[in-house]
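Have a look at these structures, which come just after this line.
Below are two complexes that have chain A in common, paired first with chain B and then with chain C.
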Partner chain A sequence: MTARCLEPERTDAAGQVWVLDATTAIDTLIFSDSPYWYGLSLEVQQERTDRLVRAAFEFHLENCPLFRAYVEREIGLRGIGSLEEIPLVSTRAFKFSEISSVPASMIEQWYRSSGTSGLTSRVPRDRRSLERLVGSVHSVAGLLGRWDDDGAAVVNLGPGREHVDDVWFQYVMSLIEAIHETDSIIPSSLNDMERIAAACKRRLAEYDDLIIAGPPFYIASVCDFLEERGRPVQGESRITVLTAGGWKRVAGADVDRKAFRAQVRQAFNLTSEAQIRDVFNQVELNSVLFECSVHEKHVPPWVHVAPRDPDTLLPVPDGQLGIMSYLDASCTAFPCFILAEDLGTVVRGKCACGREGVRVDIVRRVETRAAKGCALTMGRLHAARQRQ
Partner chain B sequence: MSTQPRTIPAIVAGRLIRSPRGETRRVVTATGMELILPLVSEADATSIIATDRLALADLPTQEIVAFLYGAGQNWKSSEYVRRKLYIRDLVQCLGYSEKMAKLEANWIAMLLSSYASIYDVIEAELGNRYVLDEWIPREEAQIRAYPRGRSLHILPGNVPLSTTTSVMRALITKNSVVAKFSSEDPFTPLALAQSFSDIDPNHPIARAVSVVHWNSADLGVSGKRLVEDADVMCVWGSIGAIEWAARQARPDLEIIAFGPKHSLALIAELHEKHEIREAARALAHDVCFRDQRACFSSQQAWVQTSLDLFIPELVTALDVYADVLPRSAHGLDDRAARALTIREARFLGYPIFEGKDGIWTIIVCPADFASQHPLSRTLYLHPWTHELSLESIVDKQTQTVSVYPWSRLKHVRDRVCRAGAARIVECGMSNIFRPGGAHDGIFPLQRLVRFASTELPSSAFTKSVTVKIEQTKFLEQDRFVEFIP
Partner chain C sequence: MQQDSVSSTASSDELGRVDEDVIETGDGRRIVVWRTCAVTRDARRGTILLAPGFCRRMYNLATLAQYLTFNGFEVYRYDPLNHLGPSSGVLYDFTMSSGYYGMNAVLSWLRGERDVDSLGIVATSLSARHAYRACGERHDIDYLLTAVGVTHLRATLQRVFGVDWAACERELLAPTVVFEDKHVIHGPPFWEDAYAGDWWEGTTTQRELDSVDIPIVAFAARDDDWVQPHEVEAALGLSRHRERRLCELAGSGHNVSQNPAVAQAMLVSMTGEAMGLAAGFDRPLDVKSEPTFTQITEQIIKERRLSAREGS
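Up next is the complex of A and B:
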């Protein structure tokens, strides 16, 4: 990888500037013990974001021929003014194109999305990108709380680490297993529900804290079961429920998040709804966005997030709904400058939790009239061909 | 435009229910209008189920056709208040352009008023124009078509024409109608049913029609009762709607599913400028009509003619349609879907042509361009090379293949239909369903009726046995084998 001059990260006693390369600068942030940067001013955070993303842009321009050609067609190779000028890659491009910035020999795995719409994205990850993901989860998870590695256990409502295969969502959820003792159970039968309830009770007896992680619809199913059994799990202040994944039930209805939190708090006998947190990630994004205690998703400084106007692709004002875009500097495997299939908002400044920075609210997926009408868009036809 | 939420009524057995009798749900339309939709209540469901499901069974077909014709004549008049209100609702609430809304009203008038076509469709699909009214000789039997009873229609929000078609098919086959409207378009079924009451609120047809709503993700107790009570269900729309219907269905419930489908165009090699212009105008029509929300709308076109010659003409034609049939309002989601597609095409380096303010888009790309289609007058244009296998570009989800010029029909028809296409039309005619044609591979009227037969008695000889049929005697004499032809 090309080492690239970036910014003065540290100075020595004599005030001499040490010029560090981009890799060191971003890794200093990612592999820190805690998300200390939320104590920095918004301006400082945004300055770091700006520099890290610019460095990543230069890297992918050099190493990803598809991206370079795209940039040359869109804005030329004159360089960018603001970050918003970086040409965005539609996440749909990952469904059919192999977009990579590293040689095939460096790709650890091609991961795919869960594919609820029938089409799956295929996105490469090299070792550095994966290590940064793991590192960022470890440090940013500080937003959730501080647990000793040996003091907390996990009940993961999903396949165990050994069954993860190449589904990105499952891989990300399984990362927690690397840190804490974990029971992985998919709640697909009454017997599974019994096992989950038993695991919760057993781990609460053995450990100080318990993290229950899974997609919202699995968590909701477990809550229904616990209610039927008279709420046998006494979570009080020792359980944290971590949700990730689509906010749709099997039937397709949107889950009301406030009602969901009230349901979870009651079913697990939790002290506070602050113990119920959501995280956001997608296969085309290399960072995980964690919710704080007041349910705001904080953006780490190596990621630039902006909802955009769909016609102009210019960022919309804070608080206004737009199509989400992410510029993630932590990814070396592919140009993670994406236009996502979600609508959301951004706010910045001081959060009620006390942290400074940028927060996002992913409101919902883009939903077209095509999805509701009798005109079949071409997805299924192409999905069939993709499988061939 | 009013910013107050608007309460949408329901119709129960022909009676307008202005104030919801149960729960409601709120939706926001493409123009930002908030609608309060009544969820079908226990009382509504009980009233509907209590009506005679065979109330139209003894009504002569000619009376039904005449009634529909009367309603159609009202719709034809630009002074008809119901029509004016309907056009206003489509424009203000759903974001249709004035011209497009007027065209929808005209199509309702056309379908209802085309009495000769209704008879033709009955003849073509059921075999005889009188089969719904009397016994018709047919080989060694007489047959008669009876209504199945209560028809439930899960209506789409994207194509008003489908609503009218679905309800009319049920009525001309003498079924009573429960129409479940989409939150995307409550107006078409309500206006249609009210236009029947405008003719005569006590007429059996007016009273045989109910228009209700439920949340498709949670049909509730009342919706469940109506689904269980139905004898036949016509489901229009998305994969979700079709799968939902399959999950709810009783084992003996007849489900007639329409959609989802996609359609495409084939433009052969043309040299004369006027021919190229005609082809471009025809294709522009099939792209712009209903902004590609219909299953028959062309989403892709394979073109043998030089694209350097064809694209300028197509650009001109699409601009003409931007004027003669302005695009409907597009919400944030539609614009976002378009942005994603355009970014994908740009990333892949495909040439893109866009109308002013993105009102239409042409993307020149290989046939396997992988994006989901954003609709919104977006055409994927592919070179039709000698190597192209027509069989590879269609499948069983292909509905309409439109062809230009028509003289190329014989070269393509069997190849695309064998591979799965349901329908071939001339380019520019995709929205006109001719009497006699199949719809998505079936003849829907046949599924809306139950055929009964009266078969000839023993005294009547069969064609192959020239004696009276005396089965006991034949068995006693062990002569059965003599009568095997």
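Up next is the complex of A and C:
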């Protein structure tokens, strides 16, 4: 593990007083609560985005030989004009190559995607990237509610910390126990459902607030169970339900999110559908995108998001559907400049929740042969070039 | 600075194991103590007592304890009397003197029952005020490190609560004071004790520290709304005490852990300072190993679970 070597700036002749400065612009933004990033104007957010992503691009050019070679082939080392010129790494590339910007000794672990179809991605994380991931979660707490660490408990519909290995989604969900008292239960049997309902009731009695987190298909299963039992959990305004992960497996097709929220609200006896929020993340992305109270996913200013035209890979206008791309400056472990396999849109400006900023709507996975082929080809090309 | 991981030199059983002790005070109260052992095969560096900030629990010091144990220290933590955790009493009855009494009881137990050799204190926030007094009144502490440590109680509480509490008339005091929107303290007894025990003023701390001859290293945060670096510097009396030092943390408020990069820098620096002080040097030593993110989160989760089981 490499720590920052901080040369003290001695401020007095006797050497008795010195200043330790470990701050960086991005950490100050991620971890600040005065104001939180979503309290900044759109203009200021975009200025920060530009500065932070450029700095991250320079960092990975210097520290990731694979990425440097890739950039040199794609655009040369002349530097970039706009952020959109940064060559994107297809998420497919992580299925074929080990891409890293830090020495092996600094990698905490290689994480993999859940792998519902075919090869899984393998993506490294170092301490700084993981801390910023947690920071990205903590800093959006205000989008959800002001939970006190000791005042809220969590029921995590997934494996507990000791049963999590390298599957990214499960790992991220398990980190929540470092912040809040957590019951982790996988709802795979009737007995598990009983335990989940009991945990919800017990934690509501012990804590001010309860967070129930899990993939939509698990949440839906629990809702079905609660309905069968006459809705015994009285969530009212004290439960927040966080969904994360794939939506398709709820019913094998696109899920009507409004109908899902109505179902969850009823099953848990919630006061409002604003208590049901979805979050987005994937193993190749280092930041978590949270919904606000009107169900818009806000993008923090250390991430640049642009949907791309499948043929040209050029950014499409705001509001238009494209293949999602992310330039995430919070990641030091690998060049997190990725072309994903989701179709989505971006809007910017003032949200109905009152905050300014950039929001995304992840509409669905890439399905057309042309669009999927684009990502697939990029991934293979990248991998093949890296092997050269 | 390339550093080693400790995982190769310690068994998983040893790593982060927490042993609990209970100290029975002379007046029948109990103080719950946690001990974590050094996990390196380096020469042991002695014992450090970690004193928690006000309304902070023992597991809130998990990472600091890890840094110290990874670098050869045996570390003890305790839950103060009349506090949030499993020790006797409730927070409502907390006073400065009850906090001081508890710290003294633990220090005496460490010297008497545990027969520790080298003994240092790392005290955070309000408990630093107790530690400053302890260093003046006791002669069995070898060195002191503080983090965002309170030196001028009156000024700090004025910033926290927005009123000069010490200046209030006894008859006009509110019966209760609420800290951080949820922790309720019985106001008048705290106020009376602060006068009776001479806890309020920064000049008292300065006077008490003037007679102290052990080395002290203080860490203060430049953007701290509650404890300002100039107050700490004044209390330390640096010009009169060349063995004392002050580190100012740039970009941090009172909650140093909010920015992990700042927290990590402080933990490395503080550990190095402790290593130097324990060895009798007037300079820090290089920190040999740091816990990984995974080790830190696993330890926090383990201690949270332990704390929950004990109702602490």
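Assume the second predicted complex is superposed on the first by the 339 of 388 C-alpha atoms of A that agree within 3 Å, B and C clash if a C-alpha of one lies under 4 Å from a C-alpha of the other, contacts with A are read in each partner's own complex, and residues count from 1 in each chain.
Definition applied: a contact is a pair of C-beta atoms (placed from the backbone, for glycine too) under 8 Å apart; a residue touches a chain by one contact, two chains touch by 3 or more.
Note that this is a predicted model, so its numbers are computed, not measured.
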item: Touching partner for A:A205 - first (chain B), second (chain C), both, neither; value: neither
item: Touched partner set for A:S90, first chain B, second chain C, both or neither; value: first
item: Greater chain A contact set [chain C / chain B]; value: B
item: A:T28 touches, of chain B and chain C: first, second, both or neither?; value: second
item: First, second, both or neither for A:I323, with chain B first and chain C second; value: first
item: For the chain A and chain B complex, residues of the former touching the latter; value: 66, 69-70, 73-74, 87-93, 95-97, 117, 119, 249, 251-253, 308, 310-311, 313, 321-323, 339, 341, 343, 366-382, 384-386
item: Of all residues in chain A, those that touch chain C in their complex; value: 1-6, 8, 11-12, 14-24, 27-28, 31, 33, 105, 108-109, 127-128, 130-131, 134-135, 148, 151, 161, 175, 177-178, 181
item: Of chain B, residues touching chain A in the complex; value: 156-159, 162, 182, 184, 215-218, 236-240, 258-262, 292-295, 297, 299-300, 332-344, 346-349, 357-358, 368, 370-375, 395, 397
item: Chain C to chain A touching residues, read off their complex; value: 1-5, 182, 219, 222, 233, 238, 242, 244-251, 258-262, 264-266, 268-269, 287, 289-290, 292-294, 297-298, 300-301, 304, 308
